[in-house]
Structure formats: C-alpha cells, structure tokens
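Labels run A, B and C following the written order; every chain starts at residue 1.
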Amino acid sequence: MNEGAFTIKTEVFEGPLDLLLSLIEKRKLFISDISLARVADDYISYVKNIGQFPIGMTANFILIASTLLLIKSKSLLPNLSLTEEEQGSIEDLEQRLTIYKRVQDVSKHIAEKFGTEIIFSKIPNKRVTPVFSPDEDMTTLAMLESMKRVMESLPKKEVLSKTVVKKIMSLEEMIDKLTDRVQLSLKMNFSDFAGTHGGTKSSGARHSATREERVLIIVSFLAMLELVKQGIIEVNQNTFSDDIAMETQTLGVPHYQ
Amino acid sequence: METPLSTKIEAILFFRGDTVTVRKLAQYLEVHEEKIIEALKELALILSNRGIVLIQHNEEVMLGTSACLSPVIEKITKEELSRDLGKAGLETLAIILYKEKASKREIDYIRGVNSGFILRNLLIRGLINREEEKGGRGYIYSGTTELLAFMGVTNAEHMPEFESVKAELEQFLLTPKDSETETNAC
Amino acid sequence: METPLSTKIEAILFFRGDTVTVRKLAQYLEVHEEKIIEALKELALILSNRGIVLIQHNEEVMLGTSACLSPVIEKITKEELSRDLGKAGLETLAIILYKEKASKREIDYIRGVNSGFILRNLLIRGLINREEEKGGRGYIYSGTTELLAFMGVTNAEHMPEFESVKAELEQFLLTPKDSETETNAC
C-alpha cells in the first residue's frame, strides 16, 4: 500500500502491542497518534492474515485494531469528532505502548543476567536418612480429595471472558457507525480533499496528494473498516460455536449471525 | 560468650540449604523479627568478599555460592541449566520482578495478551511463585529467590533501573482504567 | 584481582554440602594439592567464629555447622519432620500415589508449579522413595510401603477410585501441550 507496506508475515509477535511497537520502530517513529495512524494499514493487513490464531488472541488483535481505526479516521478527516470514550481509548493505547516498550527494554537486563553468573544453592544432602514421619491428614480419603482438587485445576480449553465477548460485539456496531461517519464526512467536506490545502497536523504526509489520491486513500480506508468488521464477525461466529455461546445468551446480549 | 545472632542464622541457612523466611528464623531462634533483620544485615556484610553470599528476597533468605564463582561451580554441577526464556518469558519476568508483585490481570494488560501459558511455564520452572489474591479474584505473582539466584543478584533492588521502572509501572497501573479489556477469564 | 583459592574452595564445599577430597579440589581448581592444603588452612582461620565450620578428616574436607549450634539444628530437624504436610504436600503425595510412579517433570506439569522443595520434604519424611530415571534424566518417585501401611492399604491400586483417577492423569499427560489448551491455567 502507500508508504511501502512491510513484510511482516514471517515474524512472530507476542501480541498486538508487540506488533504495533515493532511497526513503529521499523519506521523509526516515536509513539504518538501520528505514528499510529501511519502504521495502521500495516497492522490491519497483518491481522487479516492471522486466521489461524487462537480465538482469544484474534480478539485481542481486533480490539487494538478498532482503536487504530479511530486514530486513522481522525487523521484522514480532522473534522471528524470523537466521543470522549473514543478519545480515551486512543490515549490509553499510547500509554500502554509506552509502558510496554519500557518493559521490553528492561527485559533486556534480565536476558543479560539470566544464567550468566549464577548463585548456586547447596545440593540437598544425600546422606540424611529418612525418618518415617506421617501426618494425621494422611488418609486415603484425604488423598482422593487432594487428587480431585488437582484435577479440577488442570488447564482447560481457553474460554473468552464475558467482558471481551461484550466488547467484540459492540465493536461491530462501532465499525458500522464509523463507516457511516466517514462517508458522511466525505460528502460534507469534499472540498477538503481537493488537495489544494493541507494544513492539519496529521495530514502532513499526504500534503501534496492529489484529489484522486486522497479519495483513493479514503476508499481504501473504508475497505479497511470492512476488513476489521469481517474479523469481528469471524471471532463472534467462532465464539458462538463454543462453550461461550451459552454464557452470552444468559447475558442477554444480541446474537449476531 | 553468647553466640551472635548472625552466626546462628548462618548455621541455620547452611543447614537448610534452601530458602527460609524471616518469620521462621525468628521462631527458631526465639527472637523478634526486627532482630533477625538486623542480624541479616550483619551477616550480609560478613559474607561480602566470601565464597558464599546471602540472597534476600520477599521476606525470604538463602545462602548461595558467590556469583563471580559461577564458572567454578558450573564445571562441577551435573544439573542441566536451561537458560532459554524467550521473549514472552523475559517480558513477563520483567513485569513481575520490577513491580515486585503483579496480578495476572496487570500482566495481561501490560502485555496485551493472555499470559496464562507463560505464567504456568515460569511457575513450573520455579522462577515465579503465586498466591491467591485477596477476594479470590485471581493470583498474584512474584519472583522466587531462585530467580534472583539464577541472575546472580542478591536483591531485586540491585537490578538496573529498579526504582524508576518500579515507579513507572505503579504509576501506569494506578491510573483507573478498564483493565479487564484484554484479559481472558481467570 | 584474582579470587583467592580459599574463597573458591569455600564455594565448592558449600555447593557440594558433602565431603570432597583434597585431590578432587586440586583437580577442580587446576592447582597442586599443596596449594589446596595451604588454602584450607586459611579457610579454617576465616571460618573460625562463624556459623559454618571447616571439618577436615584425613584427605577429606567438608563444611558443617558449628557444634555449639546443634540444639537449634535439632529443633529445626524435628520441626521439619512434624510440620503439617499442607495442601501442596498432600496434592503432591496424591499424584505420586495415584500415578504409582511419577517423575518430577510429570508432577510439576500436573500441579502447574515447581515441586522441588516439597519432594525433598516428602523424601526426608520417608513418605516417598526415589529412583533414578532410565537415561539419567532425573528421578522417579513412588510412595513408600510405610506410607501405604499407615493409610491401611497394601497397594496403591486399593486407593479409592484408583482406576478412573489414574486414567484421567495419564490422559492429561498425553494431551499435546499447545498453548491454546493451557491458557486458562492460572
């Protein structure tokens, strides 16, 4: 796409924040709404290709994608007004990226030290003769109880939390609305796209773009919205085919299909 | 002459070989915990420049061989040392170590992914501990003394940038926000 | 500055916790035996008035706790043996009994935490036995005859619901360990 999309398919990312950070760093940018708007396309084209991820992971990627779409739409259409909540989610993402970067930086200290100069503890003495010392609690029934407790806590298949499911479902609506808002803003402010004036801070990169190019950018952005929407629907469908379906029905939330 | 407390503690730690809590030491020696903490400072001082060091971490103490003698001991140990942590392991350990205690929710929120798998892996390797969170909402994780030992550090505070990063993490997590966003039920 | 020989010896003896011959020390440290004997004299001096003492017998040396501390050590030993097994101890013991034979790796994997300390305690309490795993990768644990007798069964197979529990455990250990199935573990 524009600005030369990076080939990122072969790399493995720990999650959406890891992916975003590496996209920003590859372009040698700092964490800001401007840089996030610039890497949004790369991010979405990556998410598009991750169908094989566990469902929880895809959900995480999509939640971040929706915030990126907000940032991107604001950068394309500076006159688009965002709600307080939307503005909040943008600031939140920037903060999270900042602290996550810090964590990645200090994790290098751990990598440097781990296993380099080890403090060894004493080897347990092999000469100690065991002295049979039972405990009152040791009955066959107590053993069975303990065993059952262990088996209950054995790892089970991943289930999405109610909060995530709710968020993902409200996202579909959000994307629909955003599509409407972008289209509306496009009609109302068509002169903005004549390319004769730029001026707004976030349109810097596209300053000299021709009108045709600008319309193209907006159209491809609408396509991006559609992509994310498809992703959301996919997550929802997969989710509903799972255990979570029962849970969500009791929540009384609408069931998209 | 009465044997100094630091001497007694040294003997107990040597005998036990693994970690002993300050509370246990106070119990064994029938003195107040403050006395133990004082004596531990003394012991750490006595042991500086020796082949043995004192690790202090989260109310626990342990004796170990000095980090700079690691090559000598590595030559005679039969234990297989697994040094590979991976990116997820490093990030998770960084959060837990620099924040001193972190809940799964906090770790997930900072990393933006579910950390259940990596936490389980670190638990099995004995690098982190967990305890139930008050109110039974989940678990709180902290680094083990073995983790510090494996890094050759006698106190978590000796990690580079410890104070500043700890403050930043706390500040970040303090800001009220919907930290449930990205976590899966646990 | 090069670490003094006595310091290196102290670390090795601490780590081994058992007797080491002068010859072995010379081998490990790649110096002449006379040098070792000299350094041992130094070490003995350094360790006078400490909780840890150097014990020399013929050609063998080891570190031990100072004799004047034996009452404290005795108290700790007793306490170690009579302490409540606790939830973690019982769970570990149950896994070993129901699986009949379990390696440390299997126990850790089932419990989702490191069982090193607990296994050590169960061993000195005579509740479990261990034997070396084939291929020398680690140890295999099983319940002692005394333990079974104490619970009034002659054989682990007579534990309640033995067949079904054992089958479930085996099934779990066979399940591929991909990250998706394990994420909710913690």
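Note that in this section a residue touches a chain if its C-beta (ideal position, glycine included) is under 8 Å from a C-beta of that chain, and two chains touch if they have at least 3 such contacts.
Note that the coordinates shown come from a computational prediction; the quantities given were computed from them, not determined experimentally.
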Study note, to complete from the structure: Comparing each chain's Cα average against the average over all protein Cα atoms, the nearest is chain B
Exercise for review: Could you tell me which chain lies farthest from chain B when each chain's centre is the average position of its Cα atoms?
Suggested key: A
Check your understanding: Centre to centre, by mean C-alpha position, how many angstrom separate chain A and chain B?
Key -> 31
Revision key, fill the gap. For the pair chain A and chain C, the C-alpha centroid-to-centroid distance in angstrom is 44
Exercise for review: Would you kindly tell me how far, in whole Å, the mean C-alpha position of chain C lies from that of chain B?
Suggested key: 20
Point to revise | Where chain A touches two or more other chains at once, by residue number | key: 56, 120, 122-125, 155, 158-159
Point to revise | Of all residues in chain B, the ones touching two or more other chains | key: 14, 17-18, 63, 65-66, 68, 73, 77, 114, 116, 120, 184-185
Check your understanding: Quick one: in the complex, what on chain B touches chain A?
Key -> 14, 17-18, 53, 55, 62-68, 70, 73-74, 77, 81, 83, 85, 87-88, 90-91, 93-95, 97-98, 109-114, 116, 120, 146, 148-154, 159-161, 165, 168-169, 172, 175, 177, 180-185
Check your understanding: Inside the complex, what are the residues of chain A that reach chain B?
Key -> 14-18, 56-57, 60, 63-64, 92, 95-96, 99-100, 102-104, 106-111, 113-125, 155, 158-164, 167
Point to revise | Partner chain C, residues of chain B touching it in the complex | key: 3, 6-18, 28-29, 46, 49-52, 63, 65-66, 68-69, 72-73, 75-77, 104, 114-117, 119-120, 123-126, 130, 138-139, 184-186
Point to revise | Contacting residues of chain A [partner chain C, same complex] | key: 54, 56, 120, 122-128, 130-135, 137-144, 146-147, 149-151, 153-159
